[in-house]
Amino acid sequence: MTTVLEVQSLTKGFTMHHLGNHLAAFDQVSFNLKAGEFLLLKGQNGAGKSTLLRTLYRSYVAQSGKVIFHSQHGAIDLLSAADVDITMLRREEIGFVTQFLVARPRVSAEALVAEPLRMAGETAEAAMDEARKWLSAFGVKEDLWRAYPTTFSGGEQQKVNLARALILPQKLLLLDEPTASLDVKARAALVARLAQLKADGTAMIGVFHHPDDVAHLIDRVIDLTPGLENEEREDVVV
Amino acid sequence: MAITIEAPRLVKAAPLLKAQNVSKTYGHVQAVKNVSSEVFPGEVLGIVGESGSGKSTFLRMLNLEETPDSGSYTLDLPEVDGNLFDLDRFARRMLCAKRIGIVYQNPHLGLLMKHSSSGNVAERLLVAGERRFSVLREKAQEALEASEFPVDRLDAPPIELSGGMQQRVQLAKAIALEPALLLLDEPTTGLDVSVQALVLDTLKRLQQERKITMVIVSHDLGVIRTLADRVMVMRRGEVVEAGLADQIFQDPQHAYTQQLVHAKL
Amino acid sequence: MSLSTLTKDWEPMSYGFLDPSAKREIRRKMLKAVAVPGCQMPYASREVPMARGWGTGGLQVSLTLINPETTVKVIDQGADDSVNAASIRRFLARVSGAPTTLDTLDADLIQSRHRIPEEKLREDQVLVLQVPNPEPLRPVQPNMSIARQMHADADYGRMWLQLYEQIVRSGRVMQGASYPSMVNGRHVMTPSPIPRWDVPKLHMAKHLTILSAGREKRIHAVPPFTRVEPLVFDDVPYKVEEHGDLTCVRSGAKGFFMNEIPQGDGSSTYEISDSEFGVKSIKQTEGTDTIFGETWYKNGEMS
């Protein structure tokens, strides 16, 4: 299987100017990821699991290292790529699923879910049909499809969020606790969708509070707990 | 050892807007100091900074209203070539009328308050040379509708309209000719929060539907966060930090940006 | 030889009232105005024995152009016999010795306020129009420095915006007199407050028209055979006053620009505005041999 991502000696910390201090998040993390592989990030709270995901997504600025992503346009280092390149990759090849929905006022749930498809060139009609299919799969009641998710409960918002994030198959998918606050049915739909994407070749890196749900998908685990030697962290097979 | 950001490699399109080392002083005050920026087609660049940071001055220079002391500014358009700051008054006016739209914080700057709203939009088409009444009317109505302006108020003068509606007229005027570049100077400042959200939503929708390249200046981080792909943080005329919008908001690097982001409610 | 033999005797007044330097300036400005049709040329505007705003601009041009052989006609709103027209005519004759006439065909120089005669003017005739407000951009741009820049840039979008506003508000273009017109495809001018009826007469006319504003100190000109096009939308045609079907109650002349005379019963009658044309029509009806010139309008239609 082809390599999707090569993370080399990735180091991240936060400088807080008003406190005048530096907070290390993780140091010298290295691993490779192939197409269709599912990697679980493990470690106690504050070990930097979410931080690692965000650093890979470039929401956080890394201190040093390299993250080579093999995009359909060629290999590129995500840490030093131009902002426009990152924007393009986020639109086309790298997905990020968080527990928080970034809802916009006056945009209906179905339009929000259909948006990535429309941006990718799908017709409005087809995108909307697909969006409704996924809203239904995640168990969002039909009455809510045309409502504005800003007013939804946390659980419903999360379902809309997932439908939106997973509607378009990506080459690399970053999952930041997507199962938090989900009911059983939605969780099952999520796991089914992840399994399907994985089978289709999407490489995934995930942080899960309760990894049991996705246990059968996990290929490898990386433990970010500080103090562990690099070698121990890498490629721990479950 | 910080990581240096490279030039774009995947995106093949040339930047639409390129400003290099733009500087401007007013008397002893250096309003804008060596500001450089690139904006790619379809991209939204947000410029944040407190009052007096030079962000609005920079925007006015992009609208060719103000000439800098030094620096260059190019737009990747077939009809223009070279440094736009060197254009004469006539060429500037034609370029601005046809290719650059602007929405000001103060509608008085952008609108004739006692003319009809549709007339305000039509003026832009008139400057560009349209001389058919029916076409003017039709296009003005189209642009106003796209800006979600109520059709039954088409000919009401802006002076009789609410602030939010006035901004919609400005927006309609700005997009009437499908500009290559849309400049927004604090477009929602001073509006009620609910109206602000509606105007922002209209902007977002227009941006997605028409893929308009935008530069938006605001001291309101929420506005920038909603609209911008990329953010440039200015302070005392200089750019202190620039990066992807989510990166600037989630992991600001510069002390000033951290202060700015943490100050947000 | 002494100085007294070389110079003229002292006279209480220069020929044609204005002193030679004033005339020279106006001649130069007229030449400039002819050279750039429709473009306003500033000039000094001297004192004349008449209040500013009563035709001092036109008077100065007439005084400059006049010589003892120039036959002069002066009209005010079409009439030769109004107090203002009669006074100016008498003054011009008095300071120059020039003959005067009421007949358009006989005149070499016609000074007019707010009308162009109904009979066509010839190559050898000059029409001088008195202008109160020479700046067509004033209603849309009160700042005159910016207005001049707009002329320089041919930035006339706002003029059309004004028409747009009128159509939107009133359903039609409301501009009556002083209809802004494009001269030679370049400068927009105000043709002085002549009615819309008269504007087409300036288009490709054989005669020279000089427009002079004494209070505002501006001269502009429409040289012979120059395009004068009223500003209109491509799809909203220019309309003149609907006087084509009206008949003059006194002279029986039909199809010319009329003055409306309101009657006690609420109705209106009409009198021809070009008074001398009316006089000619009456003479003809009475059987006197009268020579009419060719008219711009025939059967109420511009030809």
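Order of writing sets the chain letters: A, B and C. Residues in each chain are counted from 1.
Operating definition for what follows: a contact is a pair of C-beta atoms (placed from the backbone, for glycine too) under 8 Å apart; a residue touches a chain by one contact, two chains touch by 3 or more.
Predicted model only: the values in this text are computed from it and were never measured.
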Which two chains share the largest set of C-beta contact pairs: A-B
Nearest-to-centre chain - CA centroid comparison: B
Separation of chain A from chain B, taking each centre as the mean of its C-alpha atoms, in whole Å: 32
Euclidean distance of C-alpha centroids - chain A vs chain C, Å: 79
Chain centre separation (chain B, chain C; CA means) in Å: 49
Chain C residues counted as touching two or more neighbouring chains: none
Contact footprint of chain C on chain B as seen in their complex: 89-90, 93, 112, 115-116, 118-119, 122-123, 126-127, 131-136, 155
Chain C residues within the chain B interface of the complex: 149, 153, 155, 157-158, 160-161, 164-165, 167-169, 233-236
Touching residues (chain side chain B, partner chain A) in the complex: 1-11, 40, 43, 197-198, 200-201, 204, 208, 226, 229-230, 243-244, 246-247, 250-251, 253-255, 258-259, 262
Residues on chain A engaged by chain B in the complex (per definition of touch): 14-18, 54, 58-64, 71, 73-74, 76-77, 79-89, 104-107, 115, 119
